[in-house]
Structure formats: structure tokens, C-alpha cells
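Each of the two complexes below includes chain A, the first together with chain B, the second together with chain C.
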Partner chain A sequence: MATLQYILKRLFLMIPTFFLVMIIIFVLVRFLPGDPAIAIAGDRASDADLEAIRERLGLNEPMLVQFWLFVTNTIQGDLGSSILMRAPVTEVIFNRLPTTAFLTLYAVGLSLLIAGPLAFVAALNRGRWPDVLIRTVFQVGLSMPVFYIGLILLTFLAAQLRWFPVGGYGDTFGARLYHLFLPSVAVALYTSAIIMRNLRSAIIEVLDAEYVQFARAKGLPNRLILGRHVLRNALISTVTLLGLSIGNLMSGTLVTETVFAVPGVGRLMLEAIFARDYPLIQGLTLTFAVLVSVVFLLTDLFQSTLDPRMRLT
Partner chain B sequence: MIDQKPILEVSNLCTTFRRGGVDLPAVRDVSFSVGQGEVLGLVGESGSGKSVTLRSILGLSRRYGDVTGEVRWLGQDIASMPERKLRHIRGREIAMIFQEPMTSLNPLLTVGMQLTETLKAHTDLNRAARRDRAIEMLDHVGIPSAASRLGEFPHQFSGGMRQRVMIAIALAASPKLLLADEPTTALDVTIQAQILDLILSLADEMQMGVILVTHDLGVVAQTCENVAVMYAGRVVEQGAVRQVLGAPRHPYTVGLMRSVPQNVPPRTQLYSVPGTPPSLEALPVGCAFASRCQNRTERCLTARPTLDAITDDRRVACFNPVAAEKAGAA
Partner chain C sequence: MKRHLLLATAIISTAIAAPAFSQERGGVLNFARYDGSNLIDPIYADRNPDIWMVGSLFDTLLRPSADGNSVVAGLAEDHSVSDDGKTVSLTLRDGVTFADGTPLTGEDVVFSLDRAREPDQSPWSGLLGSIESVSAEGNAITINLNNPDPTILSMLATFTTGIVSKAVFDAAEGATDQEKSAAIFASGGPGVGSGPFYLCGFEQGTSMKFCANENYWRDGADGKPLPYLEGVNFQIIPDDATRILKLQSGEVDVAEFIPFSRVPELDADPAINMNLFPSTRIIYSPINTRETRADGSPNPLADVRVRQAVNYATNKDALIGLVLQGAGKPMTSPLMAAATPLSTNPGPLYGYDMEKAQALIAEAGLEQGTEITFTTLAGSADDSTIFAALQQMWAPLGINLVVEQVDGPTRGAKNRSGEFDIHTYGWVNDVNDPGQVVGWLGYTPTANAVGTGWDNAEFNALYEASQTEIDPEKRAQQYADMQAIYAEAAPLLFMYETPFAVAVSASVDGYVQTPLGNNIFEEATVSR
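Showing the complex of A and B:
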């Protein structure tokens, strides 16, 4: 019950945040260089045509009126129509969202799979060669941009060796895992480096904690000490980091989706920006804001289940 | 009460840490033994190596430094025993209570879990029996409504209660030896006596040997049969409590005794001896106590005194020990 109350309270507190986000989105979008009417009708359209398009999009209304319409429609769940896709923005986004969600979770899953065990190996061998090797490799991963790694993977593993598809998105779960493998690896290389670094130092710190020494003094088997006493405590800070870096993760996804031609919301965002598709840009940005807030909330909830000292208030 | 054959025999224990390329000799040539049901006192200033000595006995120091020497447990050397085997002795035969009750329990696990996991590691008891035993132990160490507190987390307990929980955990598997590392220093004065009495009465009841690390000479005088005084990683004087505290021979022990005011209730925190101990990184070639010693002579600066027997079971590491009659009068 306390948890439910806490969630409701947090959702309520999100309202002012979203209002602020809407103001920022609205202003930013209007300052994008270029004219949406030209983007729609093309360079050679007549002035009259452009004027008609502007009228239809409501771009001739005063700014405040446009904003008012934006806010009231959004509250009713209406994000307008995408100029580019000629369909309701909500529909366009909801069609594309699962792909991105899949890719993001896939990348996070891969990152944990890669970083978790390696962080343990590095931490338990602190200062010796396995630690040095692991840290060096991840440092390289950290300093290479996702875009660049994506292109390399694409060129070698997909285009030349033809082990993986060059783009697209499968129909079945298995096909999706296969299609999205390279894109997730591209994202995971960066994310796993961050997780590895954080988890490694967290494990090292926890290993020296008095309660771990006490657990050893109790004569517990080593796997229990590592799994129950060390990992759980070390995970708290890593989960927080992972939650807080959701923004980074999503911008990584945006680049990856573009490089690998994955039809997700990241690529949609780029398309929308190029097309000056105001409603779609607004809708997408708002969606990102909602996602980030929800992930933050989930992070806090997860933390409080892990750590009894974190009371929900 | 002391059995003829000791259960624990520590000989020439040395523990060296390395920090920033410098060797830190935290424990040097420590030797003592504990008989069944015996309470051995280990005293000395902060940083003299008491905790490291206890941790080295249990094999907890070797991941942080180099440990040499022998630790014979029931005749078997456990200093060189691999972790996998040693863990069956830790907690089951030799248990330890840590100095800091606030940080020694895992904040994420319930008290019940931390108690029963020890039982699971060392006994054949089933789940229900482990729970019963856990309640029994909490009850035994004086935690009210024990059954309902099993599901609580350490932060829901006060410092004194956490120390009781730690004692309950340590004693859960009925060990033969308890390493009690200043079990009361972190606690309120009023609770200190309670906890100490608890440990000693349980030890008596279970015929358990205890190494009691303490700052408090009053406690040693009242409860221990033998005592070892540590200074800068070495034992400087050891023997029967009556002799060592009754007629101290090492100038440092004399200083410790002097700092206990006469005619005050026992268990008064000991005053510090004037001056500070040398840092481990830069120990002098001679006697480590020289800079604070009134009996110092030329020789003390160039050679280090060894711990020699002056009577059968009385050892002192000093070139110019305090005369027995004089020390008795001090």
C-alpha cells in the first residue's frame, strides 16, 4: 500500500515537469531552422501553395494559441497528425516504440551479461593482469563512438561476411534477436563499459566492507559471500547508474537505429527533424520525457526493494 | 579450569601489509596459547595490532597482506590451510565478534537470514529447526520478542542490540573459541558491562575459550587468567594476569597500570601513556618503546629486546625491566 501511494505521489509530481517539458519542446521546435511548408511541398512550390499548407497546419495562428492547442490536445491524448507519415502521431509512435524498447532492453541485457561477470573477475583480481586487460579493453570501447563501432560491425560482419543482416527487423522473437544483434552490440559496448567500471569499483569497495569480513568469519562458502553479500550491495549503485544513464542509452539507440536502419523511434526522430514535422517532433520528445521519468521511477522502486534502508516516502 | 593441552597455539605470527610500496609490519612474532575454557586478555594501544592478530588467526588477513608463522588449532596448522577447508573451522569451531557493531552486519539482509545462514553452513538442521535455533539464540543474548525480530534489518536495531545480534551469530554454531575484538568499545558505558557479562557467562556455560581484546585493564584483572600486552605489533609482556598486572616488569605495562587511577570502580577506560607509538612505516631499529621510555639506555636505541622468559610462564621484552618490588609498589 505504501508503495502504491508512493507511485501515485511520484506520478503526480511529474505533472509540473511535463508542463515545463512541453514549453521547452514547443519553443525549441519553433526555432528549428527551415520551413515545414517547404519541407512538405518542396522547393518549387508556389507561395500560395505554401500559404495553404501553413493555414492547414495551424502555423499562422499566434504562438500562444498554438501552444494552448498543443497543451489541451496533449492532455486529451491527441498529439496531432504527423506531416511526414500522414497519420496520427500517437499511432506512428506506438507502432515504432516496441522496436526501440526491444533494442534498448536487448542492449541492457547484453551489457549486464558482458559486464557483470567481467566486473567480478576484474575486482577479484584487482591490480593483476586479468583486471588490467579487462579495463584496457573496456576503455577502448568507451572511447569509440557508437556510430563508428556500428559502421565497423556493419561493414565487416554484415556486409562482407554476411553473418548478420544489414538492416531491418524480424517478425518472430528469434528473428528479432538475430536482426537486432549487431545494433545491440553497438550500444552495449558503450553501456557495458560504463557498467563494468562502476560495478568493478563497487565490488572492490564492498569486498573490503566489515560485513563481508564478518560473513567470511562466519565460515560461509565463497559463492554465498560473493552472491548474497557482495553482489547485492554492489548492484545498488550500478542500478542507479543504469537508471540515470537512460538518457545516454536512448541517444545511443538513436544513432544505432539510424546506422542499422532499424525502424524504431530513434530513427523516426531524425526523419521527423529533417522533415520539420513539428507534431511528430513534439510527440516524440514528450514520449522520451515520459520514458525517462518512468525509468527513474522504476529505478527508485527497484532500489527500495533491494535496500531496506531506502524507505519510500 | 585450564586444560593441560591448549586448544589454540599461535607461534611467531607475523602479518605484513604493503601500502604504497612500503612494508607495514602490523604484527610481529606474536606467540601465545589458549586452553579450553580459558579467557586470554589482549591489551594495547590503538594500532598496536590486536585486531590484525585476531583476523590473522582466522585467516582473514591473508587477502590483504603476508601472514607467516603457525596457528595450531587442536594440533593442526590452520595458517596455511586453504580457504575451502578453513571455512569449516571459521564460525563452527572458532568464531569472531567484530569491533564495530554498526558496520559488521549486512544492511540488506534480515537479522534472521544472517543468523540462519551460519547455521546452514555448519549444521544439518532443517529450515524450521534453524529458525527455532535462531530465535533461541536471540533470546539467549537478551533480545526481547526475538521471534518477531527475525524479519527485521540491522538498521532497525540499536548499537547494543546489534552487538547482541553479532554475539548470537558468533555463538550460534557453539564454537570452542571466541575471538572477541573489543566487543564493547563502540557501545554506551551502561551497556558495556551487560554485553561483557553476557559474553563471559555464555563462555563459561559453553566451556568456550575466549581471546578478549580490550582497552580496559579493569576488565582484564577481573575476567582473564592470562594476558598479553601488545605494543607496535609485538607482545612486550605476557603471563598470568595476577603477575603481569600485580607486578608489571615492562615499562609500557607499568605505564598502562599507572594510568589506571586507584580507588575508582573497575572497568574504567585506561588513560594513555604519554607520547605516541612510532608509525609502522618507520619503526626504529632498537626498541619501539624507546621514545617514550624512562628506563631507556644506549642499548635500547641500537638493539631490539626479545621476548624472554623471566620465570616459567612470564615473558618480558625489555633490556632494563622494572624491578619486581618497585613495580609492585607503583
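Showing the complex of A and C:
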């Protein structure tokens, strides 16, 4: 019951957040130099053409009227029509969203698979060569830009060895796992480096905690100590970190989707900005805001189940 | 053993002999594009990724000749212009149909040309401004003109006069012509055009499919109907490096817009044919010629001697080496690519001459250390290279060149408002006539002479006269005069012409990109 109340309260608090996001994005896109009418009609269009386009898009209305229309339409679930795609913004976004969601979750999954075991190995061998080796390798991963990692992976694993396709995203679940493997790895290498460092120090901290010393003294088997006491407690900060890095992951898709030719919302955002597609930029930003807010909420909920001491207020 | 040998000989001899008398037929070509189409329609195509595909889906009454300097029969098997230059008569080919097999009639021609010249609908209607009326009787098409128009035949071979099906438009959903067009495009299918292909798949921003039109009227070199391919699958891959990797991994057969820095490497690959198709693309930089800058300060570039000086001080060959790895040539006509009809070719335009440049600067009395802003496209490696080179080349003139990086729409807005000193720009002809590019670059009423603010009464009068001059010699003289005036006034930094760099798998033959940029697939073949 308390949890439900908490969720409702959090959802209610999201409303002012979204309103703020709407104001900011509305003002920001209109401060971008460059006229959407020129972006649509091209540099060669006549002034009369541009005027007609502005009229059609409602860009000649006063700012406040435009903002009022934006807010009222959004509340009714109408994000307007994309200038670039000539289709409703909601439809355009929902067509592309599953691909990005898949890519992001895939990358998170891979990050955990890579970072989890290695963090344990590093922590348990603190200061010895496996620890140093793992940390060095991840340091390199952390300092390389995602697009560069992406191009290296593409060049060797896709173009030369031909183990993976260079781009695209497949039709079936299996095909998607295969097609999106390289882009996910490119993103995961960066995220897993962050997670590994965090998890490693969390594990070390927990290993030194008195209750773990006590469990050892009790003669509990190592497997049980690590599984029940160490992992659970070390995970708390990692989950928070993962939740917080969702924003990073999302912005990472802008680059990854472009390099790997994956038709998701990240690439869509880039196209929308270059085309000065106001409705689409607004719609995408709102979608990102909703997603990030929901992930934050889920993170908090998950944290409280891991650690009952954290009260949901 | 003997039998095997015999069989092997038979196979080999067939394989050798086969290409001699028949083209490889069938197969699907996989094509990696730099950008996707939005709406391929003869009148609503307003970006190159749309314009360049119109010809694959729609036919025009006439077609450009192979050398690009005249027109040949298209949907119309013959054509003539009356002596007073005010009537064009054409005869529609017998038995031509749209891709779904329904007949293409004079009614469709009238409908298509009327919608193309409707100013409220088509951004290209200005190209057909001379047309007074279009009528059809059976296969005879008559176009009456308000005034003689030297470009009319070229326009009938241009994408915007592509013929669409009136019946399909009448039946389509939508309140306006544009809505109908969008609905027809979204549903795809063979009914609307008579080009070598029809649209059979489309995913916005991702992919597109063309399927062969089984009813296409033209025959190929082997005497059988075109096109040879079953279809073309397009994938949109904006990233240059990824597009090339796709080709190298064999996932696609063609990758367009190869960055020039990668050309030598792909040229050396035996599995790839690195094509540099001649184009009408020119790279130039408009110079603000107004007396004062947008902020009210005096504009040093208003002095023609300073503009001439920067042109002389620019080593075009060095730029071409740096930016294009040598795959380009300096502009020779100040107003158009050399491949455009009526371009004059007086030799190097402002050949590199630092002494002359410095003399002009001294004569103009330009203050040492004068700051001039060069506006480039953010993220464009070419533009960055150009800036770095010009900064060095112009330093001996006492010019302190500083860079300002913006994106495309911002650059367009600056060009219109005159808030720039010099900025990079490019142009590809859309039509096979110099009228369009000269109107854009030099004629003040069109767009302030490409935003430079240059306004020359003699030039403008020549341009207006040339628009109705049907005597080819007189018109050629008018264009020669305009080019001489423009070169002298130097409202541009004249730079270079670049080809279209397209990398094609060795298994593909016959793919062409025309000087106007049009992608031509009908004679392409692929052997797997």
C-alpha cells in the first residue's frame, strides 16, 4: 500500500517536471538559428514560398499562442505532425522507439554480463595482477569514444571477418540479437567500465564490513557469503549508477545508431535537429524525459527491495 | 573423365560467350544512400534525394541526349516548335502504359503539366512560367506559350514534368493535391508512374524498394525491354565510413557519396570500381558585396579589387589536392560547371597570382590585419580544410581570416539576411539549361545574386532578355556577356567542380549518375 502511494506521489511530481521540460525545449528550439521553413524548402526557395510554409506550420502565430497550442495538444496526446517525415509525431516515434529500447536493454544486459564477473575477480584479487589487468583494460574502454569503438568493431568483426552485419536491425528476435550485437557491445564497453569500477569498490567495501568478517568467522561457505551478503549489498550502489546512466545510454544511441545505421530514436533526433523539425524535436525530448523519469522511479523501487532500510518517502 | 572435360569445356565456352549477346538479367541491386527520400513526386521533390529518383519512377515527354546538350524522344516519339517559338507540338508514343498496364493518355499529360505549372502547388512552377495552355487530341499534344521560351524543350526532359496518372490522383485520398500525392507515395504500387521502376516498399528514413516495371517501353542494348534488374533495394546510411564498410563486406553493391579522402584506397581494391561521374556540381563561396556589413560596419569586400585579390590569392589546384585528393578541377566559367550548356571556357579563372593579388590589395588600400569571417558548415571536414588553407593563402594579403562554424539551416538564414562575409556553398544543376544556375548566382531579383547583394543592371537586363531569346546564337552571346561581367565583378570566391564519387562492386555494370545527379538504374546489371 505504502509502495502504491509512493508511486502515485512520484507520478504526480513528474507533472511539473514535464511542464518545465516543455517550456525549456519549446524556447530552446526556437532560439536555434535557422528557419525551419528554409530547412524544409531549401536554400533556393523564394521568400513567398517560405512565408507560405511558416503560415502552414503556424510559425507566424505569437509565441504564447504557439506554446498554448503545444501544451494543450500534448495533454490530449497530440504531438503534432513531423515536418520532415510528413506523418504524426507519435506515430514516427513509436515506430522507432522499440529499436532503441531493444538496443539500450541489450547494452545494459551485456554491460552487466561483462562487468559483474570481472568486478568480482578484480575485488577478490585486490592489488594483484588480475585486478591490475582488468582495471587497465577497462580504463582504455572508458577513454575511447563510442563512435571510435564502433568503427573499430565494424572494420574488423563485420567488414573483414564478416562475423556480423555492418548495419541494419533484423526482423525477428534472433536476427535483432545478431544485428544489434556490435552496436550494443560498443555502448556496453563504455558502460561496463563504469559499472565494473563501481561494483569492484563496492565489493571491496562490503568484504571488509564486520558482518562479512562475522559470516566468515561463523564458517559459512564462501559461495554463500558472496551470494547472500556481498553481492546483494554491493549491488545497491550499482543499481543507482545504472539508473542514473540511462540518460548517458540514451544520448549514446545518438552516436551508435548513426554509426551502425540503426533506425532508432537517437538517429531520428539527429535528423530532426538538422531539419529544424520543431514538433519532432519537442516530441522526442518529451519522450526521453518520460523514459528517464520512469527509469529513475524503477531504480528507486528496486533499491528499496534490495535494501529495506531505504524507506520510500 | 572425358565426359567431364567436355562438360567443363561447354560450361566455360558458354560463360565466355554469353555476355557477348545478352545482358545479365534479373537480380536485385543493393544500394547504400547517404540520405533518404521523403516524397518522390515530379512536383513535390524538392531535395536532391527526392529529385534524383523521380526519373526512375516517372517518364518525361522528352529525354536528355547522351551528351546532355540536347533532347531526344521520350514518351513523345517526336516534337516540333513553331517558327514563332510559341507552340510546341508533340506526338505521344503509341501503346505506352503506366507500370500497372493502364494506358498513358493525352489526358494524363495535360493533368501532369497543369499541376506542375500551378504556382500554388509546385515549387518548380517558375520553370514552366512561359506555358499558357496544354491540350491533347488523341496522341497529339499541343503546348501554347505566352512568349518564346528557349528552355521549354529542356524543361520537358526535366523531372518536374514527369507524367503521373490522372486516374490514380483522382481516386487518391486527401483534400489537396499534396495530400493525395503523399497518400499515393505511402501506399506505393505500380499505378502512378510509367518509369522503369515503381515504388514497392518504403520505410521513412530507413529503406526503400523499387521493383521493375514489366510494361516499360524502352528496349536495352540486347533488344529486350528494360530494365535488366528485378529491383533496387535502398538502405539509408548517413555515416560515410559505415556506407563504405557495407560495400566492403558485400552487404551492398553500391555506396554513393564517397568522401574524396577515401577514393584512392577504394580505387586500389580490385573488388570495387571507384567511379567519378562527371557532374555539374560547383563549390564556391558567396562574398558579401554590400557597402556595409549587417552590423553596420564598413565592408572591405565591397571593393571589387579586394574580391579579385582573394580570388587571385587562392591556389585552386592546392585546394583540390587538399580537399579532393586531386579528384576535381578549377571552375572555368564563373557562373556554372563546364558541363552546362552555354558555358564559356576562357581558361583558368583567376589563376593563382600572388603578385597581382598583393598589387590589388595595395591599390584598394586594405588595412593590414583586416578581419574577415569565413562561415563554414560545422562537422564538414572539407570546409575545415578549405578554411585552414585559405587562412594561410590570404595571410600575405594582410587578411586575418577567422572561422565561424554553423549548421546548414543557419548558413541558409545568414545567406538570406546578409549576415556573413564569405561562406562555403555548393550547387548542382537541376535542369539541363544554364538559366536556373545563372538566375540563382547572378540575377538580383531571384535571391540577391546568391545572397551576395551584387546588383548589376546590365547583367540583370541581359538575363531577362535571354529568358525569351530563341535564337541560339544570340542567346549564347548573352550568356557569354553575362559570364564576362560576372567574372570581372567576382561576387564569389570561384573554387572548383567536383565529380560524384560512387563506389560500385565489380559485379555491377551499367549504373550511372548523370551530371545533374540523377540515379539511373534501368541499364544496370548485377551478376551474383
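The definition used in the following text is that the second predicted complex is superposed on the first by the 313 of 313 C-alpha atoms of A that agree within 3 Å, B and C clash if a C-alpha of one lies under 4 Å from a C-alpha of the other, contacts with A are read in each partner's own complex, and residues count from 1 in each chain.
In the analysis below, a residue touches a chain if its C-beta (ideal position, glycine included) is under 8 Å from a C-beta of that chain, and two chains touch if they have at least 3 such contacts.
All values reported here derive from a predicted model rather than from experimental measurement.
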{"item": "Partners on chain A (chain B, chain C) - clash or fit", "value": "fit"}
{"item": "First, second, both or neither for A:A87, with chain B first and chain C second", "value": "second"}
{"item": "Contacts of A:R276 with chain B and chain C, given as first, second, both or neither", "value": "second"}
{"item": "First, second, both or neither for A:P308, with chain B first and chain C second", "value": "first"}
{"item": "Touching partner for A:L113 - first (chain B), second (chain C), both, neither", "value": "neither"}
{"item": "Partner chain in contact with A:V27 - chain B first, chain C second, else both or neither", "value": "neither"}
{"item": "Chain B versus chain C as contact partner of A:V65, first or second or both or neither", "value": "neither"}
{"item": "Touching partner for A:R232 - first (chain B), second (chain C), both, neither", "value": "first"}
{"item": "Chain B versus chain C as contact partner of A:P263, first or second or both or neither", "value": "second"}
{"item": "Which superposed partner A:V137 touches (first chain B, second chain C, both, neither)", "value": "neither"}
{"item": "Three-chain overlay, closest Cα atoms of chain B and chain C, distance in Å", "value": "48"}
{"item": "Footprint overlap on chain A, comparing chain B with chain C", "value": "none"}
{"item": "Chain A residues within the chain B interface of the complex", "value": "209-222, 224, 228-229, 232-233, 306-309"}
{"item": "Touching residues (chain side chain B, partner chain A) in the complex", "value": "55, 58, 60, 83-84, 87-92, 95-96, 98, 100, 103-109, 117-118, 121-122, 153, 155, 166, 169-170"}
{"item": "Contacting residues of chain A [partner chain C, same complex]", "value": "32-36, 38-39, 41-46, 49, 84-87, 92, 95, 151, 154-155, 158-159, 162, 165-168, 258-261, 263, 267-268, 271, 274-276"}
{"item": "Residues of chain C defined as touching chain A within the complex", "value": "38-39, 46-47, 123, 182, 203-206, 235-239, 241-242, 245-246, 248-251, 406-416, 440, 446-447"}
